[in-house]
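Each chain carries a letter (A, B, C, D, E and F) given by its place in the written order, and its residues are counted from 1.
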């Protein structure tokens, strides 16, 4: 099964040079992180709607628990998606061109933790701004223009998208 | 903690009426399923590149295992994302308007299983066509126009995207 | 490692023709989905017992959270088990004989979401009726007679079981 | 939210006294562990079928990897299901009546590890015998008679089932 | 790919004879279980701090839910880590020398369930004593001396550590 | 349930200021990452032992797959543990004092990906050096002296440990 002879396989080496999972498969897309932040914002909105109710029944209480639980999961997803692109795609050339990247990613990690601990909408909105900035740098680094548009579902916030050629 | 009085909360009821998780939070986006199929196609390409090598070293063998393992995970993700939109968003109005939906979703489940069992690129390409058809119906049902563009990363296949207003 | 020669392996092909995971291994048993619904019913009972208490201590509150968290997990399990049998075992012959299957599975998905959002026992009981109907069709389609018996643990509800030959 | 007054809630205490999750919800059923062992046996059969092939194509190789991967997962499930019943349901009365229980559960853990490391059918068959013995004790301890029947799917092995009253 | 000739590989057999995962890789360290119990204690402390507040805002409520959710996860980790060492490393020689082991592990499983159901610090402290006892036996069985020291972070409890040679 | 009045809770705010999960619970310990790297080294050793065999049986092949699969999991764990401490504990004071931290963590992410893609022991040894450097900085930043000792199990490598007071 194993042959002692090693052959330099250029195709594989090339694949290794760039990389969404660390296969590396080179499919990176910040949209997954952006959707995860949008979901956190939406869940904060729903949590705040619940709070405004005068009376609370068990179903409201159960829903509050579910909303907090989902917010945890989407917070984890933001961290996971951003740190994957940072650890697998961002290399010396990107760091040289965008020296803010380490600090930006670190502040996304810290702010996601704050957003998990909080039900304050301002924190999740600030997190979205940072994740959009990351998306903007990402697409620029790949030579893609970007535009800003409202996402086509609640919470109807502005996202940075790559300009695609139809 | 629990008040016996029940109050009809119109905001919450409205949220319940439509819904990416079953919170329901109403954030549905077929792009997650589309990226997962793209990843399966890409992994099949890498598996086929590996096969063409004349000599095999242990690292190639380990990489083959990793590629198969990732293909399993992305296959599960396709199923999960499509069945979530089907089970939580697709309701009587959508079924009346697009009677092919049950059959389409069922064939996506079956074809994803085949794509997990296979390294044949034609099967994953056929799966992509079906998932794109699903995305097309989804965006239409929300009153959004769609367009077709090449995804901005390997495997550079055509995806159905919603037309956003910048 | 890879031989160019392809051999038609009838045993493997046969295995592919029918299939609990998409290996396919042909081990399908709706009992896993049925136990998951029973657990949801049981958790709803415990949630309702808690609600009836006049005073609430922190441990009750923590238990309420745990019960809601577990109900989420078992709801996910119902969806996963049913959609796996539907996507891997239910094929054209079963659909021709039981044309209600797509609609039944879709309504199980929708009702499980409702049962996750609710603490109303009627919803989980209605879900159990649908999952039992699915089990009944499943065993019939395999030529097995079924019977109805009380499950030997709380919540002591009626389940559809296959008749086995001792 | 928290009231200082503690109320002895007999219903909850009763629930705590006996316990499939550690909620405790009192729904224990060894069938989940039994199905997991059956699946391991089935996967070993499929692995051995594959081995007998004279020529190997990439799809066979990928399938071998998938079979091994699934066997890992079902091995983990056997351990998880058995140790849950042992840790939450088996208490002093059961241990007094069935003094072999600690040793039996420990040997199930060890043998499951061996079955994960091996493709030898005898090991998984020996594991099934132990898990069936565990199921037999379990149902006896709950005052239920048992019977032995062939499971209604591959690998068509004998399982211990509780006798239910239709 | 498969050669019929079997070779007795002593290195592999030796690896099989002793074993933290069931590879077996022989890396076992009770510190993971000990840290998990410390975390449960810490979470109980934070839960009790929260309870002492006179007024409760939504963020406190969300934090209570997060604390309970994390306590579940670390409880699962205690069970998983201890039962892995018990099932893979503890064999006849260790059982002969430390006959209390089955009973000790069983009581750790039961007490972890209690600690998951409770916010009473005494229960988690009693669990720590048992897990420390397990660590002590473990290191002794490997011929390592142990010492007791305060862990260098909250909740600043005493842990059993192996004596290492700098 | 929710009181409108907000009370500044100093205890909770303090807890928020410093923090192994983002609760924050302040229990951080790089030993989990260090054990995960040791496991990767050990798995590479076992993979290389397997390669040296002249003849290969199916069980060897299955073991190769299991070893690669475990290496993936422990690689993920290295990334997860290090990025958690970096994102939740490392803040401005630590960054000012140890300006290498962003670069060090980034290189740990990249090198872990390489270690997942490879069976070359040098890569995992280089990863260990980096993770040990991270542990050293971590303990220093908490005012703890460190020492270097051989870990008390295979692969018997040198680890940085905090000096504890017995």
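By definition in this document, a residue touches a chain if its C-beta (ideal position, glycine included) is under 8 Å from a C-beta of that chain, and two chains touch if they have at least 3 such contacts.
The model shown is predicted, which means the values in this text are computed figures rather than measured ones.
Novice: Sharing more than half its contact pairs with D-F, counted by residue number, which one of A-B, E-F or B-D qualifies?
Specialist: Equivalent chain pair to D-F in A-B, E-F or B-D: B-D.
Novice: On a C-alpha centroid basis, what's the spacing between chain B and chain E, in Å?
Specialist: Whole-Å distance between the two chain centres: 39.
Novice: Return the distance between the CA-based centres of chain A and chain C, expressed in whole Å.
Specialist: 33
Novice: Which residue numbers or ranges of chain B touch two or more of the other chains?
Specialist: 1-2, 23, 51, 56, 58, 61, 63, 65-66, 69, 116-117, in rising order.
Novice: Thinking of each chain as a vertex joined to the chains it touches, would you call that graph a line, ring, star, complete, or other?
Specialist: It is other, because the touches fit no line, ring, star or complete pattern.
Novice: Could you list each pair of chains that touch, in label order?
Specialist: Applying the touch rule to all chain pairs gives A-B, A-C, A-E, A-F, B-C, B-D, B-F, C-D, C-E, D-E, D-F, E-F.
Novice: Touching chain E in the complex: which residues of chain A?
Specialist: Residues of chain A touching chain E: 1, 47-48, 51, 64-65, 68-69, 72, 116-120.
Novice: Quick one: in the complex, what on chain E touches chain A?
Specialist: 1, 58-59, 61-63, 65-66, 69
Novice: Touching residues of chain A toward chain F in the complex: what are they?
Specialist: Of all residues in chain A, those touching chain F are 1-2, 16, 19, 22-24, 51, 56, 61, 75, 79, 83, 86-88, 90-91, 102-103, 106, 109-110, 112-113, 116-117.
Novice: Touching residues of chain F toward chain E in the complex: what are they?
Specialist: Where chain F meets chain E, its residues are 1-3, 5-7, 9, 11-12, 15, 20-21, 23, 25-29, 31-32, 35, 38-39, 42-43, 46, 49-50, 53-58, 60-61, 63, 66-67, 70, 139, 142, 144, 147-154, 161-162, 164-166.
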